[in-house]
Amino acid sequence: MIKKILSSNPLIMLIFSAVVLSAPIWLTPLGANYPDLLQKFAIFGIFAIGYNILFGLTGYLSFGHATFLGIGSYTAVWSFKLLTMNILPAIILAMIVSGVFALVIGYLSLRRSGIYFSILTLAFAQMAYSLAYSVFTPITNGETGLQLSQQDPRVLDAMAGIAVTDGIPSTNLFGTLIKSMDGYFGFYVAAVMLIIAFYISLKIFRSPFGMKLRAIKSNQTRMKYTGFNTRPYLLTAFVISGMYAGLAGGLLASIDPLAGAERMQWTASGEVVLMTILGGVGTLIGPMLGATIIKYFENIFSALNDSELHNIFDFLPAGMQEFMVTVVSPFVGEGWHLTLGLVFMIVVIFLPGGIMQGLNNLFGFIKRLFGLGGSSSSAADTVSKGEAS
Amino acid sequence: MSNILEISGVNKTFGGLHALSDVNLQIEEGETHAIIGPNGAGKSTLLNCCIGRLIPDSGSVTFDGNNMIGMAPHDINHAGMVRIFQTPEIFPDLTLLQNMMIPALAKRDGTFKFNPFKSLVGEKAILEEAHATLADFELDKFHDQLGGSISRGDKRRLELAMGIIQHPKLLLLDEPTAGMARHDTNRTIELLKSERMSNMTKVIIEHDMHVVFSLADRISVLVRGHIITTGTPEEIKNDPKVKEAYLGESEDE
Amino acid sequence: MSKKTPTLDRRGFLKASVATSMAAAAPMFFIQNSYAGSHAKTFRNMPKADAKSVTLGFNVPQTGAYADEGADELRAFKLAVKHLNGEGDGGMMNTFKPSALKGNGVLGKKVEFVTGDTQTKSDAARNSAKRMIEKDGVLMISGGSSSGVAIAVQGLCQEMGTIFMAGLTHSNDTTGKDKRRYGFRHFFNAKMTGSALGPVLKEEMGTERKAYHLTSDYTWGWTQEESIKETTEGLGWKTVKTVKTPVGAGDFSQYITPILNSGADTLILNHYGKDMINSLTQSVQFGLRDKQVNGKNFEIIVPLYSRLMAQGAGKNLQGILGTTNWNWALTDDGSKAFVKSFGKEYGNPPSQAAHTCYVQTLLYANACEVAGTFYPPEVIKALEGFKFDGMGNGATEYRAEDHQCFKDVLVVRGNDKPTSQFDLLKIVKQVPRSAVEYEAKIFGGELGPYKV
Amino acid sequence: MDAILIQILNGLDKGGAYALIALGLTLTFGTLGVVNFAHGALFMMGAFCAVLFNKILTISKKVKDESITFFDAYKETPYLEIWWGDTGTAIIDYSVPLSIFFAIPVMLLVGVIMERGLIKHFYKREHADQILVTFGLAIVIQEIIRHFFGANPIPTPAPEIVSGSAAVGAFFGLNENLVYPWWRLIYLAFSLSIIAAVFAFLKFTTFGMVVRAGMADRETVELLGINVQKRFTVVFGIATVVAGLAGVMYAPILPPDYHMGMDFLVLSFVVVVVGGMGSLGGAVLAGFMLGLLQSFASMNEVKAILPGIDQIIIYLVAVVILLVRPRGLMGREGVFED
């Protein structure tokens, strides 16, 4: 039954869309139903899904993907400054420019494989970060980050006769369609992008192209002797994932028009690697799950303090409440890093395939529990096997 | 009959070691040609020089009228020369069916094709051929298992099937039965003699004389980088030079 | 193979999209009432008339290099909230005048707070600030330990119509070219550091010196370099060279070696925090302080000091001149009251970061009382041009033109005979406010509108 | 000319540090095939061994400062000084070099526990898993250190006698401005001797030969029936100790804080990979090369031509080398390429 659902694209898309778009409702009990965090879930979900197309399918571990995110953000902000406050051109330009950078960096880095590839991408990323922070300040505004100003030219807006009189205008989608990208509008724009991004990823996973990428991961030498020129495949995957990162960066800037160099630091690149591994490398949903969990920790766990813990454990008797607060408090607030570190370790020790494997195990267990299942498998199962749902 | 593969004057040294010296070899279209020789004679090196894994120091490799030296492995594959490896080179993380689809797609798509929106399940012709070929090799019952999970003998047959599905003009087999039990070996011989494969031009490197003499139309003997002789199985059997070079080796098998 | 599996063709996708938009509509309907229209109105977070409490947001670095400074800021915030709610000994509430604070919360509503981690990163700080505004409904955000972060959060607060009371930020830009109507800074800045340091430098080191700058390669570093250069060149000093160093370089030796042969006799370290500790420690190891150049003792100056960070430099800091916003050893009534209250609560003296955060919280609360409302434009107007005293820095004014506080600045020296573990800085001079004032227009920038 | 000389000296000094920091990583990386993202944390733990040892030596008698009434301010006098007078002062003064003897057993223990308890189970796992688990471990170690020592850097000075600089120029009859800190010269000598010791150990002992064989071809060594597991534990222990010692000796140069390891993590990976996976010599060579180049790139004359070059030189060189030489300076085929 589950298998059947998973092998049908429209059904997957339907469920996925429903889950994503209803996130403001079902995330309420978790205290994560406010626009900014929902936006971050969607945007970093896009970033991780794109990264997974490279890392998950080809096995090439890039340590510099935050560069493309940062470039996407800078491009989008420049588009707001020079062209128009409409987000559509900004996002498209962000993807194009990131794609071009990915093409160049990927072309050079993919001359090597394994750890040598990883270090090449890392080196490019660190150079981009250092330069954005210092020498390229005229373009990036250094540490403060690139911001909008009332005096920006906005050529296209000016041509359309949109005058700005008071303060900085807000980003929008064709002015009237969506007037401002803040709040839930921002989330729904990001969510729609996420759904499209996921759909494309799903198609790639289930296409001959995607299978070839997985074959490269499995045995690249064999691919070459089977008649495939593997480098263009890898480069295509690299550029696609770079454009996903550019899209994520463009969206970040669309919702909050500020771009800073720290977005490109190696820790930011490392974060998407961790998201992907945590959720499950090479799985469809895993990277998104990983992104959500890490962002949840960063935003919710870091904000818990003793008084809020007291509220949470309110239902307990006074003594127990005190005890629980004492036990839990080192792991929240300023201790959220500690919890994150422990989660990484626990997940990888007990679930080699990330959280998705945990879920698979759970489904398997439930199935066995109810005596469901059986081994009938359709052609589609066989073809899509190995992508681990 | 015309020569499909011509190797002439090929030299290859590793450091000071002369792995191949002045090797000349002609493979005729339609024949099954075995290359035998003791361990370290340079048999695998010779194959590697043909498929672009190694570049010879000098000499030429002409396949189907085209020079192969310096060509990338994937282009050589598309020229029609396909190699089956000694240690099975399959895709351990893909299912058997997918293992078969990859070479079939290579044949159809060429060295690179970007088709991310085509559905895999929609590739009817490719799927059918993959299933059929798997069935020919008695592997279809495993079609949804991962390549890494089947037995070694099955893996080698899978690799053979992966070569066949590309309909190569020339199939290079590197010890197709090494390490197989007698039963599996016989099955492989039958497969290679089957209707589907008997007319295919093949070069076989083999230790097992039983296999060699059951299959080969002609045999070349490679010793310390030299081809010492080429001839029909009968000629080779009675050649004193071969006996001298092979003393002890063939008796073991 | 024989079984047919549906694939997503165009029609399938359309169907999925329709269903999708239906799913989308549900939550949109659900949220329509609470979040309609322009975001600023949406998130202004005006408390309802019958609300029992109001929430403030304290956004400090809880992880990373400035975590200890952040922790100290948080302690000060908690203390301020306590005092506002009429608990504890009241601290500077007793010395602050003119005060409209009553010790019963703000406008009769109990003060509560939420916390967040800036990680000393602009993005993380903005995420955290947004969470406070969108989820926790805060009326004001305060905190921060870096100018980059302060400017980033200040910009956000302007867009969101939430008042930002900056914590530790020293760049001229915060109230200069990047100033905002909704942002207020009590802390001093690089320009004021230069003005305060000038006379002392002249007195102690004369008018004929050759200075070599090592500068952190980011906004704060540049503005400080500019301000100090302006001051020293005004004294007649020559600037031999200004060198930018990457933030977080760790090992500065490759930047220190060229100083040895440069002919400079003074090194000015425009570094803060970890960079300052490392570059100072390493400069001393290179024997710079034992050197004689041009017949003068080689001197090192660290224009911006922080006692917390000074601990990390240990003995290397002894005798080195710099400035600070406030120090716990001050003896005015306000400072004494604050140190007493803070010391009793936490067992150690407050840092300058803690001081500025505490003061900012009180000032905001007072402005609400004065305005008689939490409505930001009115609160802003109450803060603009507000003159007060008894907060540890003498008579102080929040200048209306740029939202910068003008007050006395302390010139300090690393203490070479500390009497306790906290006694690290010795006050050389309390430079009066009049000596550090400047025209608001020199830095440019626009405050922007009251209503957003 | 003098400027060049001092930059060379500075480059060697930096190079020595880079090589030493990377040495432990290349051992774990090359021998055990483990991508250890906790290496920086081990370096940091080493530095905190020096801090902790100093804290132990300076356990003090506290005399309350009576002038301060609101909180407890103390004038602290270490018991060692009270008991032993100048000898006590001298011992405290030498706390950093002395803490080497404290750090070796501590770090060895840490290494063995880490290998037995965690790393061992990850030899056969994918690199991705190794990265996640060691990164998680690094965070946990950091947070534990922060819990006890706070986030601020802690001054850990070198002994008084070597806290200034050596008149290197005057010694060689050159410009007297040519001075260099004693402690950095000591660090250079120290790193050279540790590197030499590790080399000698691997070169001249049977144990080392097996390890080197394992680096070249692990499967064969395992087939020979040698207990590789046990040796791996020892190698990991050595790597941990080397990382720790690099940290101990670095403490006077960079006052330790809990986050310092992360800053060195990327750098040590770059050094190891530029040197070539599995090559100790390569790592050392790369360390010195990158150190020298970074030192020269930071010269004002160079920066005048290429602004910002000092910030990216290491990565630029890494890119160029990896593009020109597929496996770094001295890497061999087949190591870490899948």
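We call the chains A, B, C and D, going by the order they appear; numbering starts again at 1 in every chain.
Just so we're on the same page, a contact is a pair of C-beta atoms (placed from the backbone, for glycine too) under 8 Å apart; a residue touches a chain by one contact, two chains touch by 3 or more.
These numbers come from a predicted model, not from an experiment.
Undergrad: Show which chains lie in contact with subunit A and also with subunit D.
TA: Touches both subunit A and subunit D: C.
Undergrad: In terms of C-beta pairs in contact, which of C-D and A-C ranks higher?
TA: Pair with the higher count of C-beta contacts: A-C.
Undergrad: Grab the C-alpha centre of each chain and report whichever is closest to the global C-alpha centre.
TA: Chain nearest the centroid of all protein C-alpha atoms: A.
Undergrad: Compare the CA centroid of subunit B with every other chain's and tell me the farthest one.
TA: That would be chain C.
Undergrad: Between subunit C and subunit D, what is the separation of their C-alpha centroids in Å?
TA: Chain centres of subunit C and subunit D, defined by C-alpha means, are spaced 34 Å apart.
Undergrad: State, to the nearest whole Å, the distance from the C-alpha centre of subunit A to the C-alpha centre of subunit C.
TA: 32
Undergrad: Just the number, please: Cα centre separation of subunit B and subunit D in whole Å.
TA: From the centre of subunit B to the centre of subunit D is 51 Å.
Undergrad: With chain centres defined as C-alpha means, what is the inter-centre distance between subunit A and subunit B in Å?
TA: Roughly 45 Å separates the two chain centres.
Undergrad: Which residue numbers or ranges of subunit A touch two or more of the other chains?
TA: 130, 133-134, 203, 337, 379-380
Undergrad: Could you list which residues of subunit B touch at least two other chains?
TA: Residues 119, 121, 127.
Undergrad: By the touch rule stated above, which residues of subunit D touch at least two different other chains?
TA: Those would be 311.
Undergrad: What does subunit D use to touch subunit C in their complex?
TA: Those residues of subunit D that touch subunit C are 2-3, 6-7, 10-11, 13-14, 17, 65, 67-76, 146, 150-155, 157-158, 163-165, 175, 177-181, 183-184, 252-255, 257, 259-260, 263-264, 294-295, 298-300, 303, 310-311.
Undergrad: Tell me, which parts of subunit D touch subunit A in their complex?
TA: Within the complex, subunit D contacts subunit A at residues 35, 118, 121, 125-129, 131-133, 135-140, 142-144, 147, 262, 266, 269-270, 273-274, 277, 307-308, 311-312, 315-316, 318-319, 322-323, 326-328, 336-338.
Undergrad: Which of the residues in subunit C come into contact with subunit D in the complex?
TA: These residues of subunit C touch subunit D: 64-68, 71, 217, 241, 243, 246, 248, 250-251, 253-255, 257-258, 260-261, 274, 277-278, 281-282, 284-287, 290, 308-309, 311-316, 339-344, 346-349, 419-423.
Undergrad: Help me check something: in the complex, which residues belonging to subunit A touch subunit D?
TA: Touching subunit D: residues 55, 61, 108, 111-116, 119-120, 122-124, 126-127, 130-131, 133-135, 266-267, 270, 273-274, 277-278, 281, 330, 335, 337-338, 340-345, 347-349, 352 of subunit A.
Undergrad: Enumerate the contact residues on subunit A facing subunit C in the complex.
TA: 7-10, 13-14, 17-18, 21-25, 31, 33-37, 40, 130, 133-134, 142-145, 147, 150, 166-168, 170, 179-180, 182-184, 188, 191, 195, 199, 203, 256, 258, 260, 262-263, 298-299, 302-303, 305, 307-308, 333-334, 336-337, 378-380
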